[in-house]
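You will see chain A twice below: alongside chain B first, and alongside chain C after that.
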Partner chain A sequence: MANSKSSVVLPFLVGVVASLVLGWWAFPKVLYSQKTQPIRFDHVVHVEGQAMTCDQCHVFRENGSFAGLPTTAACADCHSDVQGEDPDEQKFVTEYVQKGKEVEWLVYQYQPDNVYFSHIAHKNLECTSCHLDVAKMSTPPVYYQNRISGYSKNTMKMWECERCHAQSGASNACFVCHK
Partner chain B sequence: MGLDRRSFVALVAGGVVGSLATPVVWKTLDDISIWSQNWPWIPRLRYGEESLVPSLCKLGEGAYGVQVKLVAGHPVAAYGNPEHPLSLGGICPLGAASVQLLYSPARVKNPKKRVNGAFVDISWDEAEALLAEQLKAAGAEVALVSGDDTGTAAEVLAGLVAALGSQESYFMPSEGAAAAAAVGLLGGDGLVGYDVEGANFLLLLGADALGSSGTMLRNAKAVAAGREQGVRVVAVGPVLTATAAVADAWVPCKPGTEGMVAMALASLIVESRPDGKVPGLADFRKQVAAFAPDKVAAATGVPVETLRSLAKELLSASKPLVVPGTAAGQGMAVSDAAAALAVNVLLDRVNVPGGVMLLPWGPKVVAAAPDQKTMLARDVLGYLAKVAAGTTSAPKVLLVHGANPAYALPDLKTAQAALAKAGFVVALSSFMDETAAMAHLILPDSLTYERYDDAYTPYGSGQANYTVAAPILKQPLFATKAAADVALSVAARLGKELGFASFEEVLKAKAEALGADFETAATGSVWLGSEFVPQKLSLAKVPAPGAPHGSETTVVAVAQPKIGSTKIATPPFGTNGISPRELQGKDMVVAMNKTTAAKLGVRAGDAVTLSGAGGECRARVRVFEGVVDGAVMAPMGLGHTAWDAFSRGKGANVFQILSAQADVGGASRFATSPVGVRKA
Partner chain C sequence: MQQMEFKVKWGMVIDLDKCTGCGACSVACRAENNIPPMVDASNKLRTTDWMNIYELNNGKAFPHFEVAYLPRPCMQCGKPSCSTVCPVVATTKDEEGGIVSQVYPRCIGCRYCMAACPYHARYFNWFDPVWPEGMEKTLTPYVSARPRGVVEKCTFCHHRYNAAKEQARQNGTDPLDLPEDAYIPACVEACPSGAMVFGNLNNPEHRVSKLAATKYAFRLLVRLGTDPQVYYYSKRDWVRQLGDNYLQKELKGGEHV
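Up next is the complex of A and B:
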């Protein structure tokens, strides 16, 4: 009888542990592919070296909409020519500025088109409440892309929006975010 | 220790239980549900720098400035342009759909030639070579029909036709042409405009000035602003148009009698000013004697008291203005326009603030081309009728540019017969319209946002103006080409150089001829002229306006840009704007009042057959008291047989039952036509 029990319990426990290991350690590694930005943009050089503020590049337009990432033309205000010795700056100037191409930056918090997120309505929050603190990074973090959904690992889920809205007393009605 | 069956099942069960405490199942299910948002056929928004770029809308009967919103260089929406004098921030339904039309399923995406009854895609080189070959073989037997009466593209094409030895270049009918012809009858010369902003009493004789006629956006702004200043607007006409609905008063008159109303008003004004010193007044007195108010009241249905009251208002207003027109935005009788102009002349309202403005013709820059005045005076209806009848030889090559004569001309069967007689029809069209569908060769014209375009002083402008639109897109979306560039290229192939290498050069020359700076104009700055042609108008030869049709029922065609124009079928956006008052199921809805319905023995909702001189069409009846006795109000823009699913097979084409009636000087009127109505 005891043998019979051990021949069930032990494999069961092994199965549980194995699936926990696979589920919590291996599954995320398989689920997300890792990507790097097309250009290694050094925020530290700009923020600390040039004393630039976030809103010099990440601007609100006159109509209140958020421009998000700067265009190549905006970067070219300073980087029309190579200024330093960083190979990525050189690549940016030759491949993008001189060819008039936009950099296909990977957006860590990219939201689907069916979500209308207004940055101006959230301007009193710290950027890092939602975004990675890239201002302190010389190398942009790895971009983890979900192989199934196609979204960034850092894309905020709806429950996170709802939680913050509920905590701050903002409406959670559908039309607030879904137009 | 071996793994027996029992242990294996336990292992698997443990694995399943353990997995439930991991993200594997829940995350995978969640991701799969989100994955459905990213199926490749689901369109994605483009994000990026937003900007507003000035351009032109020429999709309707006029032309005005718009602003196109670009996101990351891609056009996404069009708005009115507050800086443009003909928009003042307003936009028409076609302009609002102009970006959407870039992607219309009806767009012709590359040149096509007809082979054994079907279209075959060909390259531009082959297409231009084929056109050059056909033109060479045709010699001088070439003709042009263009719908672009404000743009220089038509001048280039007419220049090619003239260089080949033909003078058969025509514009599609327009109110502007009729108004200019009326000016000619009174001994004047120039494009016709109205200083609507400066007038303080606006009498609209048939003109749907806020809905479809002339510079309607500007007119609407002027009327809205005038409300606060006490400006009065009175609309005379057989149906309650969009303009009449918001005017201070609507004066119903029998269809096609607005000219008679004008003559009655002229008669009352002449009577009240016995010592008037207008040139030709003596002859005019004799002419208006036949239009005594009581006679006109009987013929038009406008009571004598109303005529007297209108005349009194015209005489007492410090800046009255009479604007002729039709609910159709075209097909106006020259004689009606002349009668309205005569009233303005009597009141000394020509080339004065708030009056009729006679503006200089656009300069000609293509030496071989006929000038704007000559082109506008030519009668396309007469030409096509002669071709159809065989009294004029059919052109061996017919170029059709920015126009859809197989859909948008009265006596439609005659026009279609003339097109069928042409040896080789070339459609320079952006869309697969009815004319393109029957063409032998389609050379798809790029849309305004994809090429250079321009507009000189659209009909009704208060002062001369010139707008240039530079291409917004770096490349056309499809393998299309500007019609004017095609004409220049083909002319070069034929050794008939027109003096320019590109359409851009032509426009530079046009701007220079006007004294405008091309570079400034191409960035949205509108050139405004301040000159008015000195006039010596005489009332000696004002013709008698057309009489009522005499038929029991008359169809009154009503243009509404939300349904489309003579050039453009209902865009996808427009389908939401078409109400059951215009279309029910697949039936066009025509409106008549209770008295007319009773006389015809029909009720609301009945299916009827409308029969005109040119043909028949089916409709359903709506009973509406905004239509005078004996009139049947029918929406224009329906009944397309080509285009796309958004417009094809919906309702009937009113042009099937509209017929042209002879008017003065060989011109014709067709905004209203006799029609028979019977239960279907």
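Up next is the complex of A and C:
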């Protein structure tokens, strides 16, 4: 009798452990592909080395819309020529500035087409309450792309937007965030 | 039915005595809201026209024959028939401004809302949108394109409302107290005869609220209790009488009879 009991319990435990490993470790590994930025942009050099603030490069336009990432032309204000020893800066100057090409940066928070987000309406919040704290990073974080949906792992989910709106008393009407 | 009260209520007044039926509003709407051109638009049960134009006439023989044109956007009803029947909450009236929303990825294409809307303001996408080569550059980036299988309708160019609020925030003014003409839909902007006026119906200084209060203003099928935010204006009695199913003895027609 005791023998038949252990022959049930042991395979069950092995099955549980195998499922957990598969679900918590293997599946997320398979689900997300890892990508790196085309240029290893060093935020620390700019923020600490040059004492620049976020809004010097990530600007609002005059109509209140947010420009997001700076253009190659904006970077070329300083980096028209190679300034340091960094091979990635050299690559940026020769391949993008001199050729007049825009860098295809990977945006960690890229939202679907039907989402409307106003940066100026959220101006009083810290950037890092939604974005990764890249200002403290010399190497941009790995970009995890969902193989099924194509979206970034860091893209804010609708329930996260809704939770903050509910807690701060902001409207959760559909058209506040959807277009 | 419960009705939400809004501080801001965007509304439109269309002067049918000034409207020439030129169709500029309809064209401006299509261009602004990414409505794809159709290869064959002869089947009117399959076409899309957020701003449709109806021809009215007084039914009399020449020389007493008269004609009027009636542009019909979404009425943005105070008590919408569409949102109450939607089984998936893809259309609601809950945002400040009183514009009835339509969220395309949520819509399942059941078309209950189309059956419910007494104004035929809603359209079903029978086909995937196709833009002729080169024309995709004319797409408005602030308006999503709709796939086959969902319902769409006029949104009073809601993206322009968002843009106006961003501009107000940039200027440091109250986004809920926009000055007149800071936000107008594409149709109103395009109207060459000045027949269309747009603004906040709750702001007594805006021209819409003044025009909507005159005795020549009326709304379509108002006795259904939909409380539309779109008003029409005409000094001709027969035009106002066509606004609802009035009886012969109700000679004047319109809401302010």
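One rule holds for everything that comes next: the second predicted complex is superposed on the first by the 174 of 179 C-alpha atoms of A that agree within 3 Å, B and C clash if a C-alpha of one lies under 4 Å from a C-alpha of the other, contacts with A are read in each partner's own complex, and residues count from 1 in each chain.
Heads up, the rule we're going with is that a contact is a pair of C-beta atoms (placed from the backbone, for glycine too) under 8 Å apart; a residue touches a chain by one contact, two chains touch by 3 or more.
From a predicted model like this one, the values you see are computed outputs, not experimental measurements.
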| item | value |
| --- | --- |
| Fit or clash between chain C and chain B when superposed on chain A | clash |
| Touched partner set for A:171, first chain B, second chain C, both or neither | second |
| Contacts of A:179 with chain B and chain C, given as first, second, both or neither | second |
| Touching partner for A:78 - first (chain B), second (chain C), both, neither | neither |
| First, second, both or neither for A:121, with chain B first and chain C second | second |
| Chain B versus chain C as contact partner of A:65, first or second or both or neither | both |
| First, second, both or neither for A:113, with chain B first and chain C second | both |
| Which partner, chain B or chain C, touches more chain A residues | B |
| Stretch of chain B penetrating chain C in the combined three-chain arrangement, among 99-107, 117-125 or 369-377 | 99-107 |
| On chain A, the residue positions that both chain B and chain C contact, one per complex | 63, 65, 112-114 |
| Chain A-touching residues of chain B, taken from the complex the two chains share | 3-4, 6-8, 10-19, 21-24, 27-28, 31-32, 34-35, 37-38, 44-45, 47-50, 72 |
| Of chain A, residues touching chain C in the complex | 60, 62-65, 112-114, 116, 118, 120-121, 123, 171, 173-176, 178-179 |
| Residues of chain A that touch chain B when the two form their complex | 4, 7-20, 22-24, 27-28, 31, 61, 63, 65, 67-68, 71, 73, 102, 112-114, 146, 148-151 |
| Residue ranges of chain C touching chain A (in the complex, touch as defined) | 89, 92, 94-96, 99, 101, 103-106, 142-145, 155, 158-159, 162-163, 165-171, 175 |
